[in-house]
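By written order: A, B and C. Residues from 1 in each chain.
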Amino acid sequence: MSDKIAMPGSVGPDGDRSTVPLGAATAVIEVARRPRRRPVRGWWRRSAALLVLPTAAALVLSACGSSSDGSASGGTDQAVVGLITKTDTNPFFVKMKEGAEKAATAKGVKLLTAAGKFDGDNAGQVTAIENMVASGARGILITPSDTKAIIPAIAKARAKGVLVIALDSPTDPQSAVDALFATDNFQAGVLIGEYAKGLTGGKSVKIAMLDLAPGIAVGTLRHNGFLSGFGAAEVSGTASEPASAASVVCSQDTQGDQAKGQAAMETCLQKDPGINLVYTINEPAALGAYTAIAAAGKENDVTIVSVDGGCTGVEAVKDGKIAATSQQYPLKMAQRGVDAVLSYATDGTKPSGYVDTGVTLITDKPVAGIDSENVEFGLDNCWG
Amino acid sequence: MASTKAAGAEIKLRNSVGSFAKNAPDLATLGPVIALVLAGLFFSIKSDRFLTGGNFSLILQQVMVVGTLAIGQTLIILTAGIDLSNGAIMALGNILITKLAVDAGLNPFLAIGLGLLACTAFGLLNGGLVTTIRLPPFIVTLGTLNIAFALTHIYSNEETISDLPAALTYLGKTFNVGQTEITYGSLLMIALFGIAWCILTQTSAGRHIYAVGDNPEGARLTGIRTRRVVLTVYAVAGFIYGIASLLLVSRTGVGDPNAGQTDNLDSITAVVLGGTSLFGGRGSVAGTLLGALIVGVIRNGLQLIGTKSIYQVLITGILVILAVAIDQLARRRKA
Amino acid sequence: MRGTMDYRAPQTIDSGAPQTADSGRKDIVLEARGLVKRYGQVTCLDGCDFDLRVGEVLAVIGDNGAGKSSLIKALSGALIPDEGQILVDGEPVRFHNPTDARRYGIETVYQDLAVAPALDIATNMFLGRELRRKGPLGRYLRILDKPAMKHQAEQEMSKLKIGLRSMTSPVENLSGGQRQGVAVARAAAFAQRLVIMDEPTAALGVRETGQVLDLIRRIRDRGLPVILISHNMPNVFEVADRIHIQRLGRRAAVVLPTECTMPEVVAIMTGATSTGGPAPAGA
């Protein structure tokens, strides 16, 4: 069966795919058509068929989905790699998945993908790991939703000889996975912090910080990196608590969401109308903040810096809404991850430790002494 | 697969009795059985890794938490109620058990006992508000959902609790039947389904739960103490959520404050897919087990054949609407 | 009087009241004296009397607002009167709820039947007083004795000649008359003294109405007196042995259907004739 599926586009396997479930459904319909005496007895059979038909259709539909996914799939010796993201919806992870798909197609690797239902859905990620191990994955790439809670499941997978690589976010401890392919979120914060310092010069600043959510490592690292780069606080890249500083007049959580970013900025401006520098956890939050600032007529007085480097975000830099952003490369993380699993599957070499996938400062208003790339570069390399 | 067979036997039994008896129970049982068998058949053909003992054990293990929650949910829905708070109560239980055992250094069994107690107390609170102040269950449990969620996050300080004593994760351990590893937790879930089935179908308490959901005023007039029945159901459901929290701890090996956020809807999904009516008074826990397995099988199977996980959500959505539509049709026919 | 009914729930037996109506003292099974019930300014029962004799079908009729349903609720325990006395076999009793009345062997068939449609016939027959298995299974695990319930439900159905064979089919699959049959059979099975039926034919067609009237006669013929509340005058005249006419919260008259006509009864009911009309039968 699996050999037949290996011939994409040919009539045979496609025929197989559709006839099997439909055949089963037809059998049920035949049951429904058997002569019956009581009208009241007939309707449930119709309902049963009603229940079965769309299910079958949906399964066929999903099978078609899989046929396009696994179009390069084939015999049992083909390497299988799993990618588990925090959610299915965040553009960052969508891009990461795209990168993995491209790499998988290019290298002839079968890619399985899964995601939690919400950011923080540990149980969903555990289930995905188990299912991927069951489906014979040689390696799993995961962006852990809960850096601690996922560890027992990862340990079980590794005990079965599966290579596990954390993407984007480290596990706690980092040694729980074979390797971490990530961007340095602290460094991303440092870059925009240094930039903001150079831009504002010696002027007195009032900073608003639009953070992610409590207890999430990415948010803490970017936050601390910014304060460290700006020189507002002495904080190391390993601190697990967000630092504070005298020049920060307002801190709000945004969940990285545009609407919440806007509401947070409105609150901050209410608290202190003199805010002139805004750090944002990501570009959606930055755009929300810009809307609030523009509504208050302060768009020329306030500088916004951000992190991520999504295409929408870089466009906003181009439009002058955001002064600078630290661009990260989710595509690259996933591609390198797929490559690593493939080489593990072929000759058993394992990557180890932390592999930095890089971060670049993108701005059209460069500050002397600080390395940056312009918006064209940003657009060429952006995601989302 | 054993449960499928059992349900099949039930159909035959029902078909042998009078012609009137053939309608609602058949449909309620047959729909989910067909869906499950069909999905199983489909995945067996598409993947040679699906039809193995190990994979079935895995699916059981993956549905054990939501499945257990869904037992409590079934009891409540049978009384024409609904419980939105079960996932949050379970999360609170899982944080209490782990934090008391790890941070407070309590004897693990005492910690488990206190966790079960707290969950039962939350169930009692739900039931008390529903029966004494006569607030709609939807609103009551929406409130307690938020209360339990907040308490979980306040008490846990947003921190995941790890390095648990072995006693807390015992139910996550496995034993071998032939080549197949089976977790104790999934056996516990099946045992709980069995007990719930016996109580609902073989005892007067069970009959009273159905009667209260079906015709509350009529049940009262026949001398059933309806408020006490409803209060007991919510309290028992709370206790079951406590067991679910223990299963969750043993499954994930940590105390996770973010756990269970969609489990309330997932448990309702299992109940509805199993053919239990949201209007109360009709349905079965056997159906709920099937409903939970349908979700588990589709999720696992789609992953095995390499389909995006979002298709599971799509199919579940279609099935839920169908299940409810069939229930509505049935009620209209019989009105 | 009905020693064959051995499957009553225990609580219906140890009522402490005399067991049978025909123990020889009197022929009045249930009696009410001077019942008063007021809701604020509204007086529903205004010194109402009532009596039910052994082996009769007593119809209670009256215009809307005559206090008919208040009287019945007082007799079945669903309402506590402000004043007055209820006597069962000559003994004064107080009913605080329907369960109290049931302990004295008074069963009521409510207008909405008080059945759970999704449950089967046997379960509905025994709802609230299920039979448990003998031995520890029943005593400690409270396991139901389903075969016994099914068997006894079948027996009751056949005694009353209700044409329902499968006790395991859900009540919702039955016709209106059949559902009525289930509710009546339940009352007849557990009633030790009398059965109260509230508008049992209100929702039924002609043929099914006839069947329910037959059912009422059969229950009477088994020795159980029946109180029948009805709006339907021809039905009342067809089945009742005596007719209690309620008006303005009191008993206006009790008449024998054999000795007066429908227009005469209607006249008493509406007050067109004073209670001096036909002599209260048997008073």
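Everything below uses one rule, namely that contacts are C-beta pairs under 8 Å (C-beta built on N, C-alpha and C of every residue); 3 or more make two chains touch, one makes a residue touch a chain.
Just so we're clear, the structure is a prediction, and the values are computed from it rather than from any experiment.
*Asks:* If you apply the touch rule, which chains end up adjacent to both subunit A and subunit B?
*Replies:* Neighbours common to subunit A and subunit B are absent.
*Asks:* Closest chain to the protein CA centroid?
*Replies:* B
*Asks:* So which chain is the furthest away from subunit A, centre to centre on CA atoms?
*Replies:* The chain lying farthest from subunit A is C.
*Asks:* For this structure, which two chains have more C-beta pairs in contact than any other pair?
*Replies:* Most contacting pair of chains: A-B.
*Asks:* Starting from the mean Cα coordinates of subunit A and subunit B, work out the distance between those two points in Å.
*Replies:* 31
*Asks:* Give, as an integer number of Å, the spacing between the C-alpha centres of subunit C and subunit B.
*Replies:* Once rounded, the distance between the two centres reads 43 Å.
*Asks:* Provide the C-alpha centroid distance between subunit A and subunit C, rounded to the nearest whole angstrom.
*Replies:* Their C-alpha centroids are separated by 71 Å.
*Asks:* Would you give the residues of subunit C that are in contact with at least 2 other chains, written as numbers and ranges?
*Replies:* In subunit C, 173 touch at least two other chains.
*Asks:* Got the subunit A residues that touch at least 2 other chains?
*Replies:* If we look for residues of subunit A contacting two or more partner chains, we find 40.
*Asks:* Among the residues of subunit B, which ones contact at least 2 other chains?
*Replies:* Within subunit B, the residues that touch at least two other chains are 23.
*Asks:* In the complex of these two chains, what residues of subunit B are touching subunit C?
*Replies:* Subunit B residues touching subunit C: 17-18, 20-21, 23-25, 198, 202-205, 207-208, 210-211, 214-215, 217-219, 221-224, 281-282, 334.
*Asks:* Taking the complex as given, what residues does subunit B use to touch subunit A?
*Replies:* So the residues of subunit B in touch with subunit A come to 19, 22-23, 26-27, 30-31, 34-35, 38-39, 41-42, 45-49, 54-55, 58, 61-62, 65, 158-160, 162, 248, 251-254, 256, 258-262, 299-300, 302-311, 314-315, 318-319, 322-323, 325-326, 329-330, 333.
*Asks:* Touching subunit B in the complex: which residues of subunit A?
*Replies:* 1-2, 17, 20-21, 24-25, 28, 38, 40-41, 43-44, 47-48, 50-52, 54-56, 58-59, 61-63, 65-66, 69-70, 73, 80, 88, 110-115, 117-118, 120-123, 126-128, 130-132, 134-136, 145-149, 151-153, 214-215
*Asks:* Using the touch definition from the top, list the residues of subunit C that touch subunit B in their complex.
*Replies:* So the residues of subunit C in touch with subunit B come to 98-99, 102, 108, 110, 112-120, 123, 127-130, 132, 141-144, 146, 165-166, 168-170, 172-174.
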